[in-house]
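Given below, in the form of structure tokens, are the structures.
Look at the two complexes coming up: chain A is in both, with chain B in one and chain C in the other.
Moving on to the complex of A and B:
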């Protein structure tokens, strides 16, 4: 049996979005028995990455709890959509980068977790070029 | 990792203490150090220069210390922080902790050090034994584990020092799932420039990796 995994897909296979545009897509779990899943969290967020302190903020968040009586069938694709904000825009700098992503976390029994993430671009700020 | 290229393996997220397994030298392990700490009545100091891995070692020890049944309260002090946070003495976590960990102990002023040590020496009611499921209570002092750049009068748990071999192993490990854009030769050339400060070396290698990645 293969390892459990999360697959995230954006509608239209889009990876660059304009501010105010709707980000829509779906996620699904593979090789994950329904009885194992206690809760699933889906976030649309941005984070910084680079040499300095890191920052992040969540733009949209959904949590599905099996304990609340919600039926969680990991094999079925689950849809998400949100209207993206005007900022911050994705940025590919030398010492800091700002990335947007959809992050899916499944909380399993015995304190285990399954995690998946797919990045996308918000805006069209060109990557910074290093001076020679 | 990203929508444009790949993640820089020397970014903060990957090099911060606890982000990757600590590379112990010789026969040392988290368990052997915790056993030594226990033998010293949960009092100890980790001594080493800037960027030599003190905080990384602490991050590796904390899970092992917790597995040994200790309730840990961890404080990270920054440059010039002479006093403990205002709410420290009244916090509920302090009341339940059995081992206080202070990263950057030498930042504290004399009065704060004195007060902290007096607090730790005073016997308090806590769980007997070291198994998390033991309910029996006993009174004993609170443990104190600190990091500092020079000895501060506690039993020495470990001395950290970076050498070229450790730097090469670290760089190799960081690039394990990435394109190897930084070579061992790069590390050999750059290590002496940073006077044994691994943190500074890794920041330097971040820039080098970034330049080479963009040049490809």
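Moving on to the complex of A and C:
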């Protein structure tokens, strides 16, 4: 049996979005029995990479709990959509990088977690080159 | 891939981040311990210090006694000798069976009465004179009022009232309780929640806080400073006068403070070393040890003198801008005014962008800054600024498009600045910065 995994797909296969545009897509779990899943969290967020400690902020967040009576069928694709904010835009700097992503986290029994994320670009800020 | 509990999370660059679960468990344990410590401390302070005083003032019965003897008891401690007055008194109390019980006790206040073995330092005073003055107030064979404990008549005092410092003692366990309790509530609220869930909760709380963040500006342009301080000062030529990053006065004060404190300490040690040499007993270890410290002292002195020259000799720099915040691709006008009495080799104005990253290294927080963009807006060479006639110029410039906007988070920042750099004959080079905010060109209405 193959390992459980999360697949995230954006509508229109878009990877670059403009502020105010709607980000829509779906996620699906593979090889994951329904009885295993306690809760699922979907976040649209940005995080920083680079020299500094990580900063992170969540733009949109959804949590589905099996305990609340929500049916969590991992084999069925689940849709999400959100209007993207004006800022911060994706950025590829020298010591600061800012990335946007959709992150899906499934909380399983026996304290296990299944995690998947797919990055996208917000805005079209070009990558920075070092000054001469 | 599914994963269970890990001692360590993923490796980020050259740093390995710790397990979130383990970290939160540690956090919870730490705050619980602080809370417990504060709680126990409060109970102990209350029971041992507050309740006895309260009982003396509220429940002890007034009576009379005869003073038999007085003395000042001394107690040796690590911090030195402490003292307390002790008064030997005799008093009679009629029992329920109409019998007189005779009591003799060494006492003064409740701290002394409850500590007949003189074990507790809090019943003592630091000064012998103070203790002796109290003891001298009581004369042998004279009658004085006293107050005894109806539940245990052996406990008697000659002095009532509340010691104010006892309430200060409360601050120690109270602060432990407050920090521990607050941390515990935070840790419990975030227990078992993912980083995204915790961040979402914090963000919702921030949006509810009307006084936090930048209000509507923050919601329209999250994580972009609103620049209210920049547009608070109107200009005389153009719309806004930009506030200076670090005023020369503050820079001068900072270097003066650093120079005085550092050199003040170094001079004391240097005096010891020099006097040793003069007395013919040179301490070469101290002398060699002092050399790098002296070098830093000289460097700070040079820095201080340089700041004096810049602050007094080079006049104020004013920068005004036609609009703010700036947008990528936007066309703006900039006004520069430089006062002083200077023969300028060069005066240049630039628009720069800096990345700033703060990271933890051991227990230190370090910040690294890197310039990633520089555009010269104005440059003039070889001219003179006369006293009372400031050099003034206006220039037009365009913000490049596309370009990254200003950005501020807890550890990472992208800052845009207008920088004025000057070199004048006979003066040190100077650099004055003025922050500006660049917002993204495109915007959509805020949404909840």
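To be clear about the criterion, the second predicted complex is superposed on the first by the 130 of 132 C-alpha atoms of A that agree within 3 Å, B and C clash if a C-alpha of one lies under 4 Å from a C-alpha of the other, contacts with A are read in each partner's own complex, and residues count from 1 in each chain.
The criterion applied here is as follows: a residue touches a chain if its C-beta (ideal position, glycine included) is under 8 Å from a C-beta of that chain, and two chains touch if they have at least 3 such contacts.
Since we're looking at a predicted model, the values are computed, not measured.
Asker: On chain A, do chain B and chain C fit together or clash when superposed?
Answerer: clash
Asker: Can A:94 be said to touch chain B (first), chain C (second), both, or neither?
Answerer: In the superposition, A:94 touches chain B and chain C alike.
Asker: Quick one: classify A:19 as touching chain B (first), chain C (second), both or neither.
Answerer: second
Asker: For chain A, which side has the bigger count of touched residues, chain B or chain C?
Answerer: C
Asker: After the superposition on A, what does A:121 contact: first (chain B), second (chain C), both or neither?
Answerer: first
Asker: After the superposition on A, what does A:3 contact: first (chain B), second (chain C), both or neither?
Answerer: second
Asker: Output check: A:53 vs chain B and chain C. Expected answer is one of first, second, both, neither. What do you get?
Answerer: In the superposed model, A:53 contacts both chain B and chain C.
Asker: Flag for me the stretch of chain B that overlaps chain C after superposition; candidates: 6-14, 24-32 or 204-212.
Answerer: It is 6-14.
Asker: Which residues would you name on chain A as touching chain B in one complex and chain C in the other?
Answerer: 49-54, 94-95, 130
Asker: Within their complex, state which residues of chain C touch chain A.
Answerer: 1-5, 12, 194-197, 199-200, 203, 220-224, 355-360, 368, 370-374, 402-405, 407, 409-414, 439-440, 442-445, 447
Asker: So in the complex, which bits of chain A are touching chain B?
Answerer: 15-16, 49-54, 90, 92, 94-95, 97, 99-100, 119-121, 127, 129-130
Asker: What residues on chain B touch chain A, complex-wise?
Answerer: Against chain A, chain B makes touches at 1-5, 7-8, 11-13, 203, 206-207, 210-211, 214-215.
Asker: Where on chain A is chain C touching in the complex?
Answerer: Contact set of chain A toward chain C: 3-5, 18-20, 32, 41, 43, 45, 48-59, 61, 63, 83, 85-89, 91, 93-96, 98, 103, 105, 108, 110-115, 123-126, 128, 130-131.
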